[in-house]
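Structures for review follow.
Two complexes follow with chain A in common, the first pairing it with chain B and the second with chain C.
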Partner chain A sequence: MTGKQKKAFWNAVQTGLIVMATLIMLVPIAWIFMAAFKSHVDVYQLKLFFRPTLENFALVFREPYNLGEKLWNSTLVALATVVIAIPIATMAAYSFSRFRLRGETVMLVTILATQFVPAVVIILPFFVMFRDVGLLDTRLGLILVNLAIVMPFAIWMIKGFIDGIPLDTEEAAMVDGSSRLQVIRNIVLPMAAPGLLTAGIFCFILAWNEFLFALILTSKDAVTLPIGLALFKAEEGDLWNLLSAAGIIIMLPMFILALMIRKFFVQGMTMGAVR
Partner chain B sequence: MAEVVLKNLTKRWGGFVGVDNQSLHIADKEFLVLLGPSGCGKTTTMRMIAGLEEPSSGEIWIGERMVNDDLPKDRDVAMVFQNYGLYPHMSVFDNIAYPLKVRGTPKADIAPRVRAAAEKVELTHLLDRRPKALSGGQRQRVALARAIVRTPQVFLMDEPLSNLDAKLRVSMRAELKHLSRELQITTIYVTHDQIEAMTLADRVAVMNHGVIQQLGTPDEIYNDPANLFVAGFIGSPAMNLIDGSIREGHFVTTGGTRLTAVRAADRARVVLGVRADDLRVSEPGEGDIDVPIYAFENTGEATLLTVQWGQQRVIARGDRHLRKEQNDIVGLSLNPDHLYLFDPDTGRRLTA
Partner chain C sequence: MRDNTLKYLLVLPAVLLVFATAIWPLVESLRLSFTVGRLNRPPSLQQYIGFENYTWAFLEEPAFWNSVWVTLAYTAVTVSLTTVLALGLALLLAPGGRLRSGVQTLLILPFAMSPALIGVSFRFMFNPEFGLFDAFFGFFMPVFAGVSWLADPVLAFAVCVMADIWGWIPFLTLVLIGGLSSIPRETIEAAQVDGAGGWRLFRDVTLPQLAPVLAVVVILKSIFSLKTFDQVFMLTNGGPGTATQTLSHYIYFNGLKYGQIGYAASVAWLMVIPMIFLTYAYAKFVFRKD
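Presenting the complex of A and B:
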């Protein structure tokens, strides 16, 4: 083989591998996607051609499933989590990044260490505590739990981005006449924006997909989408067509979000990585 | 416009002393250069004046005010950073306008002042760009424009030219000098580059180990060094420092060569300092001493002769048309008007 042929050969191998990896990853999603448009009878057959129906999407919003309610809960809980977490995490991250604090390393590691504890271990204390203060099966309770989950990640991620902002820039702004708060508002926040966005989306995804705590701590009023999926059971077994339709509804916002902020997301990821 | 006074300024980090009990009086409209090797405390001194570093003790006065407890924003200084410290998310215009905006200058005043500042540093055609789209020299100009857009009491410049390539550095140096003469604002300039110090300064403060070694005009620093450190630090090539003693009124090298050009009171150990320019190269037998050439270098504008003088190597500057080979013997004579004697123990200059 000449050099040129060799190169072409390896290119083909690479492309082949990538296509294969992509297929392996996409097959389950493709299956769900098709199942969501199949009628109850077609679901158990691997038919590629069938009469698509939108009925599943209508069914999941009706009694007894009421997916709309759960969608509302999920949206509210995830949004509130992000809206509360990001400002607080930003303030914490800025302090960790820019000030020399007593016991800084210990605090940072402790914050992360909370995530080393398996959720199953702490879920019972949470249950008891929430029962006593009346937070069981409330959205507020879920928001608090989600905050506890996402904050460590948010702080660490945002700290990485703020670390990446040259100190010179902040000092220049201070000498130019800014107070510390003006520095943060005019310089740090705009420069860290891709990072804040990345962290925000990351937190949203965590909160949106959170299953275990929502399963134990909610029962009726505050049930979220992932728990709602468990409802699609009948005497004849799992209702795969409805499950799939609901699955698409869960995935869709993530998908749209990801598309919208793809540019920032990559920028955010690499900015964190370069540092 | 104001004078800057430092009174017994000290900065300690734990046991490490960055700046050691320094006092300095910088006159109104003066261009003062803090010169020294890295880690000598020059940048720390400047950062304390800017308010970016808190002094461990001592006082900083700008004009009539002691500013020790003032925030950087309240000190009315402008600073140019080594890495420029530009705001990457703002256009050049907004970068320059920032000090005005944040200090609440009326909107109508901002644009003309930004334009005037940009004009002074020849940036007017780049006002819409982001810093990322600029070259190093252009970024430097933005940083300068941002400093001069207000009329601060004091300019602080922290190695502003050190990130530029050699050619650009020379032209920016001239522009800086021109600008500073035009603006007539007290300026404190930190550098480790002696050429910048010599060319820009009204006065130079040579620093080492957190202490000002000598404070004087570039002339004084160069021609009248106060100690061994200043003598060795200023000048390129560095001043030749030759060990020896004074016997019977004349300098004798450790190798035993007697130099009648040097007269002083007898002393067991001294260091003789002589610059490469103050050594005249001649044919063998015509100078004070005859020495073999260790290396001969032609820089184009001059020739540099490193000669082996006993145990020591000494550099002399020769005419640019001079041509010699390694191991050739040449004569060297010392210019008796520009010889310096130092105490090798204290480093202090000995006056005859």
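Presenting the complex of A and C:
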């Protein structure tokens, strides 16, 4: 083979591998999308062509599944988690970014480390405490423990964004007589707003997909969407068409949100270990 | 207000919140691990029993050791497979162009999927009657035709691994693409001028420069593999028998299903110890000087 042929051959091999990897990645997702539109009969066969129906999406919202309640719980819990976490994280992130604090490194490492604590360790004492104070199966309880997951990411991510805002404007405003709090409100917050939104979306996805806490803490009233997946079982086994419809309701909003912030996903997840 | 006071006031709520939601439960778990800690007993009967829960796990519980081995095997297999495959995919996709950039965009999707849902979808894909992957393997590898994947201990483990790496490779590929793109072009070009190509270029130039990012990938994935729960719970629920029971799953079952919170807390703390080392290693990369 000449050099040119060799290169063409390599390009073809690479394209083939990329296409194959993409297929492996997309096929399970596509299969769920298809199954969600299949009828009860078609879903139990390996069919590529079938008559699509919207029936499954109607069924999951009816008795006995009531997916609407779970959707509401998931939305409320994830939203409340973010609304509490982001302002608190922003205050801390600003301070970590702009000042030198005593014990700063210890605090930052501890915050980072809490992300790695297995969820199952965190939940044991919370389960005992929530049982004693009556917070089991409440959205409030779920929001509280979700903050444990979200806070380290929020602080580190927002710190990264504020680190990237140049100091000059802030200093100029201080010289002109603005107080530190005015500077934060009038200069830093507007400039950091896209970053705050990104961090908020990232945390929303984490809280939305959270599974173990909700599995252990909720039973009836506060059940979230991922736990709701367990509902779609009948005596004859899993109801795959309904499971798939519920799956779409869980993943589609997250796909859209994740694509919106895809440039920051890696930074967010690795907390600045990869730059 | 003086900056000197303000800077501490600003971090106070966050520090309190992290303390209440993460540090307190960690310490309280440690305390519980030294008590009887049974859910069905009143507080007056939760006396301290020293290291009894720990010795019980080590000496009297084959199921504990089983979950240790399952977790270690799971971690070893998933970490090595995801790292190697993600590196391969990153090298394929890094050059850019229309096709490659498009695929890079799609890579975010599996990671935005709830791990519980990944577990469910793989259970679907490996259903012996109408599972797509089951049919695929059965067609190309007749050994697997008609096999009930999730009923076989080894194959169920393999399916858990496949679900795991399916969910993680795309994200870690993105991390590695980021690492590859930060390697200065000049070093690669200089090596090419010197006549290095293909494998030698990769081994002598790319790989050493990518090492810190690779280390981050391995540590991060190890941490998440060690604490795996969601997919396994939805996919096999630890079964068949205890063939895929990870430590997290074992702790969940003993603590919440059997009500042995004290015992579960002791096993949980045994799991925290390796996490401390991994976190320390990870923090070194976060705080490394440029």
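By definition in this document, the second predicted complex is superposed on the first by the 234 of 275 C-alpha atoms of A that agree within 3 Å, B and C clash if a C-alpha of one lies under 4 Å from a C-alpha of the other, contacts with A are read in each partner's own complex, and residues count from 1 in each chain.
Just so we're on the same page, contacts are C-beta pairs under 8 Å (C-beta built on N, C-alpha and C of every residue); 3 or more make two chains touch, one makes a residue touch a chain.
Everything numeric here is computed off the predicted structure, so don't read it as measured data.
In the overlay built on the shared chain, the residue A:Ser178 is in contact with chain B alone; chain C does not reach it. Contact with chain C, but none with chain B, is seen for A:Pro152 once the two complexes are overlaid on the shared chain. Once chain A of one complex is fitted onto chain A of the other, the partner contacts of A:Ser219 are absent, as it touches neither chain B nor chain C.
In the superposition on chain A, A:Ala119 contacts chain C only, with no contact to chain B. Of the two partner chains, chain C is the only one touched by A:Thr110; chain B is not. Ranking chain B and chain C by residues of chain A touched puts C first. Of the two partner chains placed by superposition, only chain C is touched by A:Ile24; chain B is not. Touched by chain B in one complex and by chain C in the other are residues 179 of chain A.
Residues 1, 3, 6-8, 10-11, 13-15, 17-18, 21-26, 28-29, 32, 39, 89, 92-93, 99-100, 103, 105-117, 120-125, 127, 129-130, 132-133, 135, 166, 170-171, 174-175, 178-179, 182, 213, 216, 220, 223, 226-227, 229-230, 233-234, 248, 251-252, 255-256, 261, 264-265, 268-269, 271-272, 275-276, 278-279, 282-283, 285-287 of chain C are the ones that touch chain A when the two sit in their complex.
Put simply, chain A touches chain C in their complex at residues 14-15, 17-18, 21-22, 24-29, 31-32, 35, 43-46, 88-89, 91-92, 94-96, 98-99, 101, 105, 107, 109-114, 116-128, 131, 144-145, 147-148, 151-152, 155, 179-181, 205, 208-209, 211-212, 215-216, 225-227, 229, 238, 240, 243-244, 247, 250-251, 254-255, 257-259, 262, 265-266, 269-275. Contact residues of chain A toward chain B in the complex are 166, 168-169, 171-179, 182, 186-187, 190-191. Put simply, chain B touches chain A in their complex at residues 50-52, 71-73, 75, 77-79, 81-89, 98-99, 102-103, 143, 146, 156.
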